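What follows is chain A paired twice: with chain B in the first complex and chain C in the second.
Entry: the complex of A and B
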């Protein structure tokens, strides 16, 4: 289920040795954020279709969404080799960003697939 | 929970699926139409120059701590001194530029084109949905909702006994309108139409004014506290070089 194929993060070198200044390349950071946004949107659409086909209703669907988002977070962290701070400035970027924006797409595709298969 | 309604399979084949497909296709079409209509006017050299100056000043501000204090002061003076600094705007010109900006007909035209390319397809689709598909239940959302959502989801059906999770076709159109934004950003790339209009609205609000951003950049450059970030850098370089020599 974790389709993290398109996560091609490019590196933000923050290793300037000796001092612990946060040194970020803003453009790379932006690219990484965009990649996160894309993979979340993609996964929420796919997850919506899957949830609809499985016929989940009510709370189960939302739990499924949270599950998918959690898997996405883990997948993103794994893609960053768990050294998040060399790609992003804080953990929240991976865990929370784009969480709500995917919900609308999820609900739409969930409804769509559910209706096509189970209602009629 | 009331007893389930039985929906005709024809509704799925002739309403639900076509409606969604049409929404997607119209979104794609709108993107390309607005791309075609975007007039590529020659950018004004002065405005472009000011934009570049702002970018350079911003870079200086971002990287201020990585150059010695003396160099930073010299650069800051170059940008923001009161006589001939790059970011300094003479008093008289401010109003003039603004007035010119507002009277530029090309800009207003562009904005109108963009807005039209947004509004026309939406009204047309809405009218189409209203005309063909109004007045019946087209879908059912798979989770329960409270009564307050009735006016949102059962737009066009005046029955208070139907369960709220049934969606009328007109409301399905609205759901599509909001929910497909993510899909568009996937298939059309980043600068899709909806984002574009949002940006235009923002910009149209206060009128884009380069001189104002020049002076704003000057102010923020003036208040930068310089703090040399690499105080031990020379010693470190010395140590490294010594290691090479010995």
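Entry: the complex of A and C
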């Protein structure tokens, strides 16, 4: 009897909590964020190399970066089977995370590839 | 398994990109010899770049791992084995025995 009473209390507690704030598995969210971070970093490096080989200069390179990142966002959303809320707490995680740090490695590898191929 | 295939595809994409870079260097060399200005890459090199980019894209999306569900009540997040659920852990330590012995002695 006591066990039953405890269980009932537990259920009440958890339902109260779910009414107040959304619960999610923080550990799995961390793992997902890490996956996104790896994907973005790798793709900004590859995008930088491609932009360098293509010989893009000035604004065109940054437009190319935005294009790559947009396609990456779509790809990541497709990887999450477009049900983003069962893998992340908000859309910004997929669309914006790792954008600026990716830009740094993009510019680095862009100039690197351009110098090697078009200047030397 | 799928991760291994993705990794191989990524390496292959990198090789394709390297080859495209080498072809571009050759092309610039030829342009220098025939004394023409560089206006754009030949279409075959652009196609190679797009192919390499697509392969690397595939690798980047598959290699880092699968997304895990963050919902607490989803199928994947259930504790399947009892030790995974901390509520079922039982701690037995010798302190308990020592305690009972001392109690016996004093009483």
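To be clear about the criterion, the second predicted complex is superposed on the first by the 99 of 120 C-alpha atoms of A that agree within 3 Å, B and C clash if a C-alpha of one lies under 4 Å from a C-alpha of the other, contacts with A are read in each partner's own complex, and residues count from 1 in each chain.
Heads up, the rule we're going with is that a residue touches a chain if its C-beta (ideal position, glycine included) is under 8 Å from a C-beta of that chain, and two chains touch if they have at least 3 such contacts.
This structure is a prediction, so every number in the text was calculated from the model and none was measured.
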item: Side-by-side fit of chain B and chain C on chain A, or clash; value: fit
item: Touched partner set for A:56, first chain B, second chain C, both or neither; value: first
item: Which superposed partner A:111 touches (first chain B, second chain C, both, neither); value: first
item: Touching partner for A:42 - first (chain B), second (chain C), both, neither; value: both
item: Partner chain(s) touched by A:100 [first = chain B, second = chain C, both, neither]; value: neither
item: Shortest CA-CA distance between chain B and chain C [superposed frame, angstrom]; value: 10
item: Residues of chain A at both interfaces, chain B in one complex, chain C in the other; value: 26, 34, 38, 42, 55, 116, 118
item: Footprint of chain A on chain C - complex, ascending; value: 13, 17, 20-21, 24-25, 28, 38, 40-41, 45-46, 49, 52-53, 56-57, 59-61, 63-72, 74, 77
item: In the complex, chain A residues that touch chain B; value: 18-19, 21, 26, 34, 37-38, 41-42, 44-45, 52, 55-59, 61-62, 101-102, 104-105, 107-112, 114-116, 118-120
item: For the chain A and chain C complex, residues of the former touching the latter; value: 23-26, 28-29, 31-32, 34-35, 38-39, 42-43, 46-47, 49-50, 53-55, 71-72, 75-76, 79-80, 86-89, 113, 116-118
item: Residues on chain B engaged by chain A in the complex (per definition of touch); value: 7-9, 11-12, 16-17, 20, 62, 65, 139-144, 167, 175-176, 178-183, 185-186, 190, 229-230, 232, 236
